[in-house]
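Remarks on the structure that follows.
We call the chains A, B, C, D, E and F, going by the order they appear; numbering starts again at 1 in every chain.
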Amino acid sequence: MAIPAPDLPPSPIVPSIDLQADGVRHGHLRLPYSRDDSAWGSVMIPICVIANGEGPTALLTGANHGDEYEGPIALYELARTLRPQDVTGRVIILPAMNYPAFEAGTRTSPIDKGNLNRSFPGRPDGTPTQKIADYVTRALVPLADVVLDFHSGGKTLDFVPFAAAHRLPDGRQEAACKAAVEAFGAPYSMTMLEIDAVGMFDTTVEEMGKVFVTTELAGGGTASARTVEIARRGVNDLLVHAGVMRGAVERRETRWLDMPSGDCFAFSEEAGLVAFRVDLGEPVREGDVLAEISPISRTGAAPFTVRAAMDGILAARHFPGLVKPGDCVAVTAQIVG
Amino acid sequence: MAIPAPDLPPSPIVPSIDLQADGVRHGHLRLPYSRDDSAWGSVMIPICVIANGEGPTALLTGANHGDEYEGPIALYELARTLRPQDVTGRVIILPAMNYPAFEAGTRTSPIDKGNLNRSFPGRPDGTPTQKIADYVTRALVPLADVVLDFHSGGKTLDFVPFAAAHRLPDGRQEAACKAAVEAFGAPYSMTMLEIDAVGMFDTTVEEMGKVFVTTELAGGGTASARTVEIARRGVNDLLVHAGVMRGAVERRETRWLDMPSGDCFAFSEEAGLVAFRVDLGEPVREGDVLAEISPISRTGAAPFTVRAAMDGILAARHFPGLVKPGDCVAVTAQIVG
Amino acid sequence: MAIPAPDLPPSPIVPSIDLQADGVRHGHLRLPYSRDDSAWGSVMIPICVIANGEGPTALLTGANHGDEYEGPIALYELARTLRPQDVTGRVIILPAMNYPAFEAGTRTSPIDKGNLNRSFPGRPDGTPTQKIADYVTRALVPLADVVLDFHSGGKTLDFVPFAAAHRLPDGRQEAACKAAVEAFGAPYSMTMLEIDAVGMFDTTVEEMGKVFVTTELAGGGTASARTVEIARRGVNDLLVHAGVMRGAVERRETRWLDMPSGDCFAFSEEAGLVAFRVDLGEPVREGDVLAEISPISRTGAAPFTVRAAMDGILAARHFPGLVKPGDCVAVTAQIVG
Amino acid sequence: MAIPAPDLPPSPIVPSIDLQADGVRHGHLRLPYSRDDSAWGSVMIPICVIANGEGPTALLTGANHGDEYEGPIALYELARTLRPQDVTGRVIILPAMNYPAFEAGTRTSPIDKGNLNRSFPGRPDGTPTQKIADYVTRALVPLADVVLDFHSGGKTLDFVPFAAAHRLPDGRQEAACKAAVEAFGAPYSMTMLEIDAVGMFDTTVEEMGKVFVTTELAGGGTASARTVEIARRGVNDLLVHAGVMRGAVERRETRWLDMPSGDCFAFSEEAGLVAFRVDLGEPVREGDVLAEISPISRTGAAPFTVRAAMDGILAARHFPGLVKPGDCVAVTAQIVG
Amino acid sequence: MAIPAPDLPPSPIVPSIDLQADGVRHGHLRLPYSRDDSAWGSVMIPICVIANGEGPTALLTGANHGDEYEGPIALYELARTLRPQDVTGRVIILPAMNYPAFEAGTRTSPIDKGNLNRSFPGRPDGTPTQKIADYVTRALVPLADVVLDFHSGGKTLDFVPFAAAHRLPDGRQEAACKAAVEAFGAPYSMTMLEIDAVGMFDTTVEEMGKVFVTTELAGGGTASARTVEIARRGVNDLLVHAGVMRGAVERRETRWLDMPSGDCFAFSEEAGLVAFRVDLGEPVREGDVLAEISPISRTGAAPFTVRAAMDGILAARHFPGLVKPGDCVAVTAQIVG
Amino acid sequence: MAIPAPDLPPSPIVPSIDLQADGVRHGHLRLPYSRDDSAWGSVMIPICVIANGEGPTALLTGANHGDEYEGPIALYELARTLRPQDVTGRVIILPAMNYPAFEAGTRTSPIDKGNLNRSFPGRPDGTPTQKIADYVTRALVPLADVVLDFHSGGKTLDFVPFAAAHRLPDGRQEAACKAAVEAFGAPYSMTMLEIDAVGMFDTTVEEMGKVFVTTELAGGGTASARTVEIARRGVNDLLVHAGVMRGAVERRETRWLDMPSGDCFAFSEEAGLVAFRVDLGEPVREGDVLAEISPISRTGAAPFTVRAAMDGILAARHFPGLVKPGDCVAVTAQIVG
C-alpha cells in the first residue's frame, strides 16, 4: 500500500517559504539532521514556487535519483526564468528532490544509502531519505493536480529518450496520464509495466489519483544539449497541456514503445568487459547478439553472449564499460506506435 | 628527459610467456606486490604475442588509463582472433596496461593512485604503476617499430573520435607518425600539442624514435558499437600500414583538427550543474556560450558562463553533470583539413 | 510515547557486577556484538555502583554523546574517589553511556551511527545503540530517584555553562527538577523547551516520573579546568541535595535563562568561513550581527550575515571554523533571573 | 517466533533453474539489488539441484557466514561431481548462501552488514541479507526433509571439528537430529545450547519440524586438507543416512561434547596480545590458565589472565593474535561420550 | 637546506591575475590536478593583489594548516576591504595557502596527506602540496619584503595568543623580525626555538633574508570574535610598520615569552581521558600537575599524571578530550618580558 | 646497497631510556608524527634493555610485519621476566618494531602503508616506516653482535616452523649464522635464498657483518601454545649460544630444508576458493596436486589445479580460503638434513 497511514506524527521538515501566496519564492525545505560533523545541522532542499491566482497546481521534481541530470537542468532553469504572469495557478519546483544524493552525484543518498524511489510513501521518523518521501507525499502531492518526475539512466544506464505512463486500474486516469505523456512530446513515449513498483513515487502519486508523467531521457551521469532541450520543451508543453501556462502545445512526433514482459530485460551471468554490437535505438530481432562480455583476467578466453529475446529496438543499456554478474545489460522494447 | 637511465636495477616483472617465439601465446606479466591481504601476492597483467617469422613489431596498448574502453575491447578481440598466418613479424598486445586501474574501472591505479601516463619512463624500485612504466619502457618498447596507445575520455571527459600525432623535433619521424594516423582512419585526426608532456608514454616512445599513434575515441567510461568499430578498423589498418598484416589499408575519410594554443581549453571557476549549449562536433565561433554552470544550493541564482575563445568545433567536454572549480569544461579545436 | 512497551523480550546486556549490594563495585555492562572482526565479541560499558544502606538512588550518566567531556571527567573521578561511607543509599555511575561513541570521540556510535539521545526508549533486539537505550530505560532508570545526564556542546557546538530542566505537564515534578538544577549551581540555569524531544533520554526519564537534570557545559570536543570544576561541584551538590551524600549544598550564584521559541536558533543558508562578531555570554539585541559567513572559493565576495532575532545573550554557537548550509550558527537566550 | 508470518508479500528473488525437474541443473538465485554502481543490478547466488525420481530432499548450505570454508569447498565439489544416478530424491545445494559475504571473505554481508544467521526468518521487503533469509525460509526449507548448514569458526574463532544438534522440545525430533549428527561422523559431536538463538537459521528450520545438522569444523578463515575431508565424508554419509544416496554409512569414531552453561565461555576484559597456554582439544581443569592477555603499549606490564571455569577440553578459541575487551577468548566443553 | 635548487623545471601553477599591475585583483592560482573524478581538473587557490605605485611588498598567508581560522578570517576580510589608495607598494594575500586542506577543514591536504609546513621549499614535479610550496617559494616570496604567515593551534592544539620570531644567525634580521612582532601587538610575543625546523615555510623565508612573522592565535579548529580581532589589528599594524599602509602603529601591550628547551613540552605515554588542572595562561611551577590522563575502559583505575618541568605559564595544550600515547599534552613557556 | 649513506641528517627518533646503563629499563622510542588528529603527536615504540656488565649485545625484534605473533609474544614475555643477573652483556628487545602495524594487526603500517621489511636501510626524513628502519639501522644494529628478527606467515601465509639463515658471500659469517640457527632449535631449519632481498632488514644486518637469524613460525595471524613455545625456547637458547645468557643450549632435533630455486613457489593464475590436497609438512612429489582453485560465481565449473614442481614437503601455503590471481598458493621445500 503506497498511501501513507493516517495517524503519522508530523514531519520534522520546515519550508522556509510560503507555498500558498502568489508571486515567485525561492527557498528551502529544512530537514533537521544531527550528525557527527554538525550536532544541530540540517539538510537544505531547494524549492521554488511560482503562483498566480486560481488554477491547477503542477509539481515538478528532479533528482529523485541523484545522478540524473536533464530534469534538474531544465527545472533550475525554469525556476530562474518562469514569471508569475506566465502562470495560471501554481508551479511547485523541486529540482533536486533527493538533494544529498544530487550534491554527491550518486543514485542513492550518501547519508543513509536510501534510494528515494524505493522509499515512498516514507516515514516522518525514519531516515533522512524516508523523511523526504514522507514530506513530499503528505505535504506536496496533495496540493498537485499533475506531477512530473524526471528520470534519466544515471551513471550506470542509458536510454533512448522517452516520457512514460503506467497501465493503471482506472482507465480514465491512465488515459489522462497518456495524454500528458503525448503533450510532453519526447522522441519516444513508453507504456511502462514496472518490474517492481513497491516504494516508487510513481505508485504513490498514481494511487492518490493524480495525473503522473515520468521520463527516461538518456543517461550515463551526464546530459547533452539535445537531451536537455527535450526536457525543457517537454515540461513547457506539459504545463500548457495542464492549463498552468497559457499557449498551445507544440506537437512533436513521438513513437510509442511497449515493455510487454520481463523478457525485455537481458542480464549478464558473468563479470567482464562489455562490447555492444547494437547501439541505442537500433532495431533488433529475437536472437540477435546485443553484446558480448569478455573476461579480463587473461587474453584468448571466449566471451559470454547476450541476445535479444524479442523483436524491437535497443531501448536501454548498461553504461559502464565493465559488467558484474546480475547486471541488466540491455532492454529491448517493442514498437507499438 | 623521458628515456630511462642506463644503470637501473633489473625489473621485478616476469613474463609467463616467451616474447620471441612464433605462434600465439596468451600469458601474464607478473609483478610481485606484497600487501596486507596477500603477503606474497602479485599483479597479473594480461599479455598476448602473435608472431610469424621476420618482420616489424607492433606494440598495441590499452587501458593506459583504466576507465577508457574502445582500445581494450578492440585489443582483447584482436588477441582472441588474430592468427599467426595473418602476421608478418610480431604483434605484442597489452590490452590492459595499467591492469589494477582497468579492473577497478578508474583512471588511476587503486593500489598507489598512480596515473600511468604521468609515470614514464618509470622506476623498477618504485610504486607498482612506476614498475609497469619501467618494464614497458625497457623491455617492450625497444622491441617495437610502431606503437599504438589507445585512449578515450574516461569517466570524466568525452571527445569527438580521433587518432593523433604530436609535433616532433624530427620532421621525418613526425611525418611517419602522421601517415600512421591517416592509416588508422578515425573520423577526425588531430595534431596535438600537449599541455604537459612530462611523464607521458607518448613522449617516452617518441624520444626512443618509434612511430607512435595515440587516440581519443569518445569517453564517459563506456563504449558504443560505433566507436568500438572505429578502434577495430583503426588497429587493423594500422597493422597493414606498418607491414605487420597483409592487405591494403581501407581509406576512410578523416578530418584534420588542430589545438593551436592553451586558449582551446575552457575552465570553470565555479562548482555547479553544467548545461551545455553545444554538443560534441558542432561548430562554434569565438564568444559563443559553450555551457552554463548553475549553483545547486538554491534556485533563482545566476549561472556562470563558459565561452569559446576561438572558432572551431566542440572537440571535447567535461562529462559528469556536476562541475568543480578548476575542471576543464570544454575544448575547442580548429578545423585544418 | 517514550515509555517502553510492556511485552519486550529480555535485554541481551549482562552486568558483571551486582547492582544491589553495599560497597564499591567497578565492572561492565557486557553487550554481545557479533561482527567481522570478532564473531563472539561484546561492547563493554564501564559501570560503577557505590551503595551504603537505605536511601535514595542517583543515576549519573556521561557521554550520552561521545564527544562531550566535562561529565565523563567528573564521573570517572567520582567513581574513583567516592567512598561508601560518604553515601546514604546508592550512586550508579555510567561515565560513558554510549561507550563506542566515547571511545571514538564522536557524537554518534561508530558501530551503527546511532545518536543515543534520539534512540530512547530503545529496543532489546535493535542496534547496539538501541540496546543500550533499552537497558538503561528498563534496568537502571527504575532503580533511580534522581537522574543527572551530562551534556556539553561536543565537537560542533559551544555553550555558556548551564544546567537545565524542562517545562513539564506535572508542575510538582517540574519544580523538583528546577530545585535540583538550582542545587547543581552552574553559572547559568536554563528552562529548556526542546525543539525535538522524540527519542530523548530526558523525555523517557521525565515520563517515568523521576527528577531529571541535564547540562550543557561548554563544548568544542574538549574540557577546561574551569568547566570540569563546574561539573565536579555540580554533581557533588546535587547528590547532597538529593540526600545521597551528607552535608550542605554550597550555594553558588546562577543566572536563569529561557529559550522561549524557535526564534532563538539562527541557521545558515550558505557554506563558508564563519566570523563571529559576538562571543559566548555577551549581550545581543534583536537585529545585531552575530556572525558573517564568507564564501571561501574566491576573495572579494560578500558574506552572508546572521542576525539575532531577539534580545538576550549569545548562549550557544557553531564551533568549527567552517559552516555548511543548514547548520545552526547561533542560539540567543533570554535572561530571566 | 522464528516461523514467517503467513501474509508476507512475494519474494523478489527469482531462481534461474527449475527446482523440481530431474537431472543436474546449475544456476542462480537472482536477487534484484539497485545501487550506485548498478541501477538495475542483482546479487547472483549460485544454486545446484540434483534430482532423480521419488525420495527425500536434502538442503545443503554453506557460507551462512562468509568466511567459513570447509562447507563451501565440500559443496562446490559435490555439485560438480554428484550424478543423478547416485541420488534417490533430491539434493539442493547452496554452497554460498550469503554470497556477498562469501565473495568478500567476511562474516557479514558487505552490502548491509547483515549477519545472515541473525536474520531468520527474514523479510521479502528488507535488506538483501533479510531477503535471502526469507527466500530460503519460505521457498527452500519447505521442500526439505533434512537440512545441513555448514559452519566453521571464521576469521576470528577456531574450533575442534564437530557436528552438532540442539536440545529441542520435541524429543523425537531431537533424537532424529542426533542420529544425523552421528551419521555425519565428525571427530567430535556436540549437544549445543545456544546462548542467543534469536534470528538463527537453526531455530527456524527446527521450528519447521525438519531434521537439522550444523557443524563447526576448525576456523581462522581457512581450511586444511584434513578438515575439508571431514566435511566431504560427513555430507556423503549424511545423505546416505537420509536415504538420498545409496550405500552404507561409514561409521567413524566421534566423541560427544556438551556445553552445559554460560560458564563455558571466557571473555577478556582487556585489550592486548593473547598467549594461549593450552591448544585446541587439550584437556583443562577448572582454574587452569587458558591464556594471558598482555598490554602492548609498553614492556614490563603484567598480563590479564583467563582461566577455565570447568573441567573439559579447550573446544574453541579466539583466533587473531590481538584481543579486544569483550571478546570471547576461550570455550571449554565437557566430554560426555 | 631550505632554499630551492637553481635548476628546477618551471612550476605548473598558473595565476589567473597579473601580480604586478596597480589596483585590486581577485583571482586564483590554478594547479593542474588530474584525478579519477576529473581527468583534466585543477586545484584553484584564491589570491588577491592590492597594489599602488612604488613601495614595499607584503606577502600575507593563511591556512598553511587547513584547520586554523583567525588568519583566513582576517585575510578574506582584508582582501574584501583594503583599497588601493590605502596602500603604498603592494599587498599579496593568500588567505588559504593550502586550499585543499582548508576546504576540508584538516591540518594536512586530503589529496596527498601533505603537511604544507613540512614541505618547503617544495618541488614543481612533486605532490600538489609540494607544488604549492614550490610556487610560493620561487614565485611569491622573492617579490616580498615582509612575510606574515598566520597559524593557530588547529583542531588538536590550543595556545595563548602570540606572534613570534625565531632566533636567527643574522642578528640584524632577527631584530627586524622582532620589531615586526612587536608591531603586530598580540597579547603575547614569543621567541621561538623550533623543535624541528626542517621543511618549514618559516625557515625558507628567513633563509631568503626576509622579515618574517608567524603567529599562534588560540586553536581548537575555531575562532572567537576576540582572537579574530587580534589577527585583524595585528595585520593592520604590521602593514603600517612595514610602510605598506599609512598611519601609525597602535601600540598594544604584549608580554614576551620564551621556550628555552625541549623541557617545555610534556608528552603522554598513555591513552585516555585528559583532565587539565590548569587553564591556558595560568601560572605554573616546576612539578605542578598540569593534567591527569585516565584510562577509559574501566572505572576505578589510577590516572597518569603530567607535570610541569619548569616555572612559567601554560602556553599551549592538547585540545581534544581524549589523548593518545605520544601526544604533546602541554607546553610551558617562561615569561621574559 | 643496504648500508646507510654516511651523510644523512640525524634521526628524529628519541629513546626515553638510556640504552647503555646496567639494569632493566622499559621505555619507548618516540617518533614525532604530526597528523590531522594530533598536530604534535608521536609514534611510541616499546623498547626494553636488560644489561649487566661486559659482554656481547643481542638485538631481538618482533613485528617487523604487524600480523606475526610468535615473536612478539615471546619477546614481551622475555622483557617482563629476564633479570639482569641472568645476563652477561646486553639484550635489547623491540617486541613490536613496526608498532603502528602491530597495533593495527596488519602486515604493513596503516600510517603510510609501509612494509618495514622492504624499507631498509631507511631514511631519517622519509615516511614513519622509513624513519623506524633508519633508526634501527643506524642506532641499534651497530650496538649488536647478534640479531634475531622474528617472522611468521602473518594473516595470509602459513609455514612449517623454522629458523633460517641465508647464503652469504662470506663463508665464515654464513657458518656463524647457521650455527645460531641450529642453536635456536626450531623443528625445521632453512637455508633461504630470498627471491627479492632489496630493502630487507636481513640484508642490511648481514651486510653490516652481524650474526643474523630469522624465523617463520607458522602463521595465519595467530599463534598457538605450541608455536609460541618454539619461539620462547629458541630465543633462550640463542642467547645462551651467543654468550649473553649463562647455561647450556638445550639441543632439539631440527630438520634442514632448502629452497633451491624459484620453482619452489607455485602461483595461481585464477581467483577462487582454494582446496588444499596436502597439509603443511606432508611429503609431495613433483607433479602432485597441491591445491585446486574453484571459481565461486557458479557451481559445476572445473577448478584450476596447482601442482608441485619438485619433490619435498609442503613448507608454506596461502592461508585465506579465497585466492586472487598472482597469489603464491604453495611453497615446496627440499629436505636436505
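In this text, a residue touches a chain if its C-beta (ideal position, glycine included) is under 8 Å from a C-beta of that chain, and two chains touch if they have at least 3 such contacts.
The structure displayed is predicted, hence computed values, not measured ones.
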Any chain that touches subunit E and subunit D: C, F
Same-residue or different-residue interface between subunit B and subunit C, half as cut-off: same
Contact-pair overlap exceeding half with B-F, pair selected from D-E, B-E or B-C: B-E
Which of C-E and C-D has more C-beta contact pairs: C-E
Relative to subunit D, chain with the most remote C-alpha centre: E
Mean-CA-position distance for subunit F and subunit A (Å): 58
Subunit A and subunit C, separation of their C-alpha mean positions in angstrom: 43
CA centroid of subunit B to CA centroid of subunit D, Å: 49
Residues of subunit E whose C-beta touches two or more other chains: 28, 44, 67, 269, 297-298, 320, 325
Category of the chain touch graph - line, ring, star, complete, other: other
Those chain pairs that satisfy the touch definition: A-B, A-C, A-D, A-F, B-C, B-E, B-F, C-D, C-E, D-E, D-F, E-F
Subunit F to subunit D touching residues, read off their complex: 24, 26-28, 44, 46-48, 67, 69, 72-73, 76-77, 79-80, 93, 95-96, 102-103, 105, 158, 220-226, 228, 273, 275-279, 282, 294, 296-302, 319-322
Subunit B - residues contacting subunit F, complex: 9, 12, 16, 28, 30-44, 125
Subunit A-facing residues of subunit C, complex: 65, 67, 106-108, 115, 118, 153-157, 195-196, 198, 265, 267, 269, 318, 320, 324-328
Touch list for subunit D against partner subunit E, complex: 269-271, 297-298, 325
